[in-house]
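Structures follow.
What follows is chain A paired twice: with chain B in the first complex and chain C in the second.
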Partner chain A sequence: MKRLFTVLVAAMIAAAPALADEVRSTGALGIVIERAAGTVAVIDTRAHTRLATVEGLGDLSHASAVFSPDERYAYIFGRDGGLSKIDVLTGTLVNRVMQSGNSIGGAISDNGRLVAVANYEPGGVRVFDADTLAPVADIPATDIGNGKRSKVVGLADAPGRRFVFSLWDTGEIWIADFSAGPQPVVTRITDIGANPYDALITPDGRYYVAGLFGEDGLALVDLWHPEKGARRILDSYGRGEEPLPVYKMPHLEGWAVAGRHAFVPAVGRHEVLVIDMDTWTEAGRIPVHGQPVFVMAEPGGRHVWVNFAVPHNDTLQVLDTETLAIVETLTPGPGVLHMEFAPRGDQVWMSVRDGNEVQVRDTLTRKVIATLPADKPSGIFMTARAHRIGL
Partner chain B sequence: MKRLFTVLVAAMIAAAPALADEVRSTGALGIVIERAAGTVAVIDTRAHTRLATVEGLGDLSHASAVFSPDERYAYIFGRDGGLSKIDVLTGTLVNRVMQSGNSIGGAISDNGRLVAVANYEPGGVRVFDADTLAPVADIPATDIGNGKRSKVVGLADAPGRRFVFSLWDTGEIWIADFSAGPQPVVTRITDIGANPYDALITPDGRYYVAGLFGEDGLALVDLWHPEKGARRILDSYGRGEEPLPVYKMPHLEGWAVAGRHAFVPAVGRHEVLVIDMDTWTEAGRIPVHGQPVFVMAEPGGRHVWVNFAVPHNDTLQVLDTETLAIVETLTPGPGVLHMEFAPRGDQVWMSVRDGNEVQVRDTLTRKVIATLPADKPSGIFMTARAHRIGL
Partner chain C sequence: MVRLAAILLLAALPVAAQDVAPQRAAALENMLIQDCGSCHGLRMTGGLGAPLTPDALADWPDDGLVATILHGRPGTAMPPWKALLSPDDARWMVGRLRQGVTP
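Our next item is the complex of A and B:
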């Protein structure tokens, strides 16, 4: 099967157009991470085709990506400290640096000039020139003794040439402001809570919210007022007094916002939480099929789509954000890892890892309208992300 | 001066790269309407250059544009009923139809397959295949006698292959749903108020709001619940009991949203109104320099930028959405007609019509970082609009 698959993919690639010879726009392109193979597929999300395969990207478990403002380049953040720059128009790897020993995600500045990477080892943030990948700045995290520094997680861009990130070991949130040049002004917010493990910026670009592994609740920073420090919200959010086994910590970047409500995955519980963003208090809980991993809003906000941790990761549920009812339960196949909506919402793409395929569904009918073979696909990233804050 | 300008532009165009011969992405491209000349400039918003000039587009007063999902094509809606399709990658006009005698704006469906145009004469909406511009559907507006039909205004796309628009003469809002195919299901909401003149869809894609010329207040339709009809909101919004002369009806599509507040131009008054979107009531008024035309939010929402009708149209004001204070007053030059923010907010572009230039400013410092000569520029449209609902 594996061999047949490889042959199929090879045939498909041979049939792909010679990308560089063709005039092609980039607005509907995207990439799919093929974790096991260390490759990235370049896709056309309107033609439902695979245009190219880029190889040699190292360890892509938990890999994520951001795009240059012109959508020409994708920056791939690997788990092994590799930072790779792909030209999505030509389907080629144009640059790659091993910038640390162990990293987790990155971000690109609002002006597209700086790419930042969050590192576990050595703990801190490294910032690179987006054109050349030459080092621009190094921001070591807080010293934790024995020559070690805190791991960094939850790195995101914010307006005004800023990057925001969390320090796992020391419970801090830092804001690095590059608006005055390559030497950042760093604002350090301490005592935010134990072991922040992931974070997000709300879609309006104003709030940074970090999840805490070491205690319940979330840490909230108002980026308009960093001088006010972090505020603890949602003390009920977390594993709670009788912790269930947590099969996978949910992804915070999947927060869905509809009107004043955010829909977020509960930790270790078969629930989606509803948060009132005006008061930052819990407004409800929706029982779901398993432990939610991503809770994603359809553009237009009427529904949220939820996937789950093992052993329920063959299933998706669609919730109505108004009635809070489950309107449909789908079983796309084994290992539904990630979803990505077309930016105006007519399609949703999803990785079915253990089915070795990517499914495209019509968001209205929720039926499959195309499938693309892929080698253990995980993250899907469309170029429209180039134009959104905090990804 | 005019001649010198023409020579300069001609020299600039001659120096432009042969677009079709070059691999180029589209994420940072845009177009500028040159109203008097009937031309459109294709711009690179990152290089701050003009790449091409497309001629022969007819009467471009009040022209607007939408983009295909892949950003390859711009559809230009002229005042004279012309619908033009431009290839922004090659800088060429690829198709043009005279689809009515008199039109005002258009929209593209969420799946990019249908382009709709709002017509004054004959009154109604015509819908075209986005690839070929072949007619797909004709939606005549309500008969008003003498062989005439109501003028249509405020046409916008909504999720689910829908178009929403308002009928000026008969006070209606219609929703045309193409999700089942080329014959739309049309929902007609009547008695919405006198003479709707423009409309918008809120950035979350849920609400359609029409301004009324014939009376005070606004008509609101919840697109999740069209069966509930239109609701009158903001009875204080309008020219009021002692009307001032209105030099230009403000553009509603410029509504800025920051948190639960929307910032909207008052009609005929030197004020920006603050609206609480939870209750749809007025939450405040901010005195400004003149009659506002566009009120635009910086991505990130901290500030809104306001331009004005004559005789104050050489000025911009920047307001803080939290303190409601005016933080800066700028005078870019004569005839500041339109602003467009880079999608993540680091730059703002503005047309200075009577200065024959487009200015690019750094949003943080508000200083000019580039200027481009342009022939009486008006609307500026960046390709990132391809990915937003309701434009």
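Our next item is the complex of A and C:
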């Protein structure tokens, strides 16, 4: 019996291409989206190498990814509505479905069984079986006339088999609860503010915060008490000032938290806003180099790193979370699109889109310790996200 | 009629495309795909922004589209680009969009 098993395993290994010909774990792996080519690079974040290139993923503008609980599979959400499942161990595409005409991101449930996708066209959320990608549920967003439905943004997973998301056109936050089975119970919170553009969940999964594009401020929902509805916070951060053009929508991904302070991009201002999470009031604002896009904290919380929209997207700034001062301004190269910290913070990976490379920097010295060529790289996602709420 | 319009517009293209230097054209092409693409999709099939495919733009006159690019659409997410793009740049982009943009 044992022998038969060995033979079977040997046969499986022989059949699997590329990476599986040696014993390997996934904890140090990650993926980089090469958005124009429609490919994904599988990377080893410790060896600083590309292990494989997965092709045929369609239009990956604005693509993002989540991981299965065992860190083996990545689910990639493409702009063209494609939902692709990649095996990072073998570096292969294992399944792909075209689930809508135009999508913006997704999430995986806390138990790893359901993958949800936020769609622009047709506006709503579709939910799939994580194993087979078979459809499980369809949640159309609010009708906005002419046969159209609100675009959906800011989709995140929350504890208790829930997905939370925002409706761009109609200013709502919905909570879809799958704890009772494949037919979700949907809670709709309306009048949360104009044009939520993205959202995040605090690392403990309790608070969902949506940034507003159509007006100043953010909308906050306490997921322990959804019956209390949404609360507007920081609603006067730009009062009386003419907003600057926003050449790229900011992102709220992860939660840049240090102590009781959270750091988020202002919209239409060259500022990072500091929120006091005890009172949910403004604790400060930090003038920065341009319109912030990503504001990301080192896992230890000592600094936050900020990148910017065009025409300032060759620059990164590092802010001290205690003094709120800018401690360093870096110019990694043209088109710094995304950053990802190693789970314990020693390295930070960044994509330099128009430089066609991914840089790895030492978080302490901020110096480049490795570069990898990549074709117009955008999002970088490490497998440790599998174990984080809301990522 | 739409088809005729498309043919006429195509015929008008080379003129528009000559208005910017080759180097600038390469920069604009990259910007169109990467930066405009962040809202309109790398393949211009739409996202937060409207689709900018030749079909989607067929009924709009060039001047209106150039004005939209330079001045944006107040009250929507379409920003004014006049601080970064000249009127010639914007006109070149409209011409390029009418040809169909793919990365």
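Here is the rule we go by: the second predicted complex is superposed on the first by the 367 of 391 C-alpha atoms of A that agree within 3 Å, B and C clash if a C-alpha of one lies under 4 Å from a C-alpha of the other, contacts with A are read in each partner's own complex, and residues count from 1 in each chain.
Quick note on the criterion: a residue touches a chain if its C-beta (ideal position, glycine included) is under 8 Å from a C-beta of that chain, and two chains touch if they have at least 3 such contacts.
Just so you know, these numbers come straight off a predicted model, no measurement behind them.
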Output check: A:160 vs chain B and chain C. Expected answer is one of first, second, both, neither. What do you get? first
After superposition on the shared chain, which partner residues are touched by A:112: those of chain B (first), chain C (second), both, or neither? first
Of chain B and chain C, which one touches more of chain A's residues? B
Is A:90 touching anything from chain B or chain C once the two structures are fitted on A? First, second, both or neither. first
Give one of first, second, both or neither to describe whether A:231 is in contact with chain B, with chain C, with both, or with none. neither
A:104 in the overlay: touching chain B, chain C, both, or neither? Say first, second, both or neither. second
Which of chain B and chain C A:311 touches, first, second, both or neither: second
If you stack the two complexes on chain A, which partner ends up touching A:168: first (chain B), second (chain C), both, or neither? second
Taking the superposition on A as described, I'd like to know which of chain B and chain C A:148 touches: first, second, both or neither. neither
Footprint overlap on chain A, where chain B in one structure and chain C in the other make contact: none
In the complex, chain B residues that touch chain A: 20, 23-29, 46, 67-72, 88-90, 110-112, 157-161, 179, 204-206, 223-224, 258-260, 278, 298-302, 322, 342-347, 364, 383-384, 386-389
Would you mind writing out the residues of chain C in touch with chain A in their complex? 30-31, 33-35, 37-39, 41-43, 45-48, 72, 77, 79-81, 83-84, 103
Quick check: in the complex, which residue numbers of chain A touch chain C? 35-37, 59-62, 79-80, 102, 104, 120-121, 151, 168, 195, 197, 213, 245-249, 310-311, 335, 353-354, 376
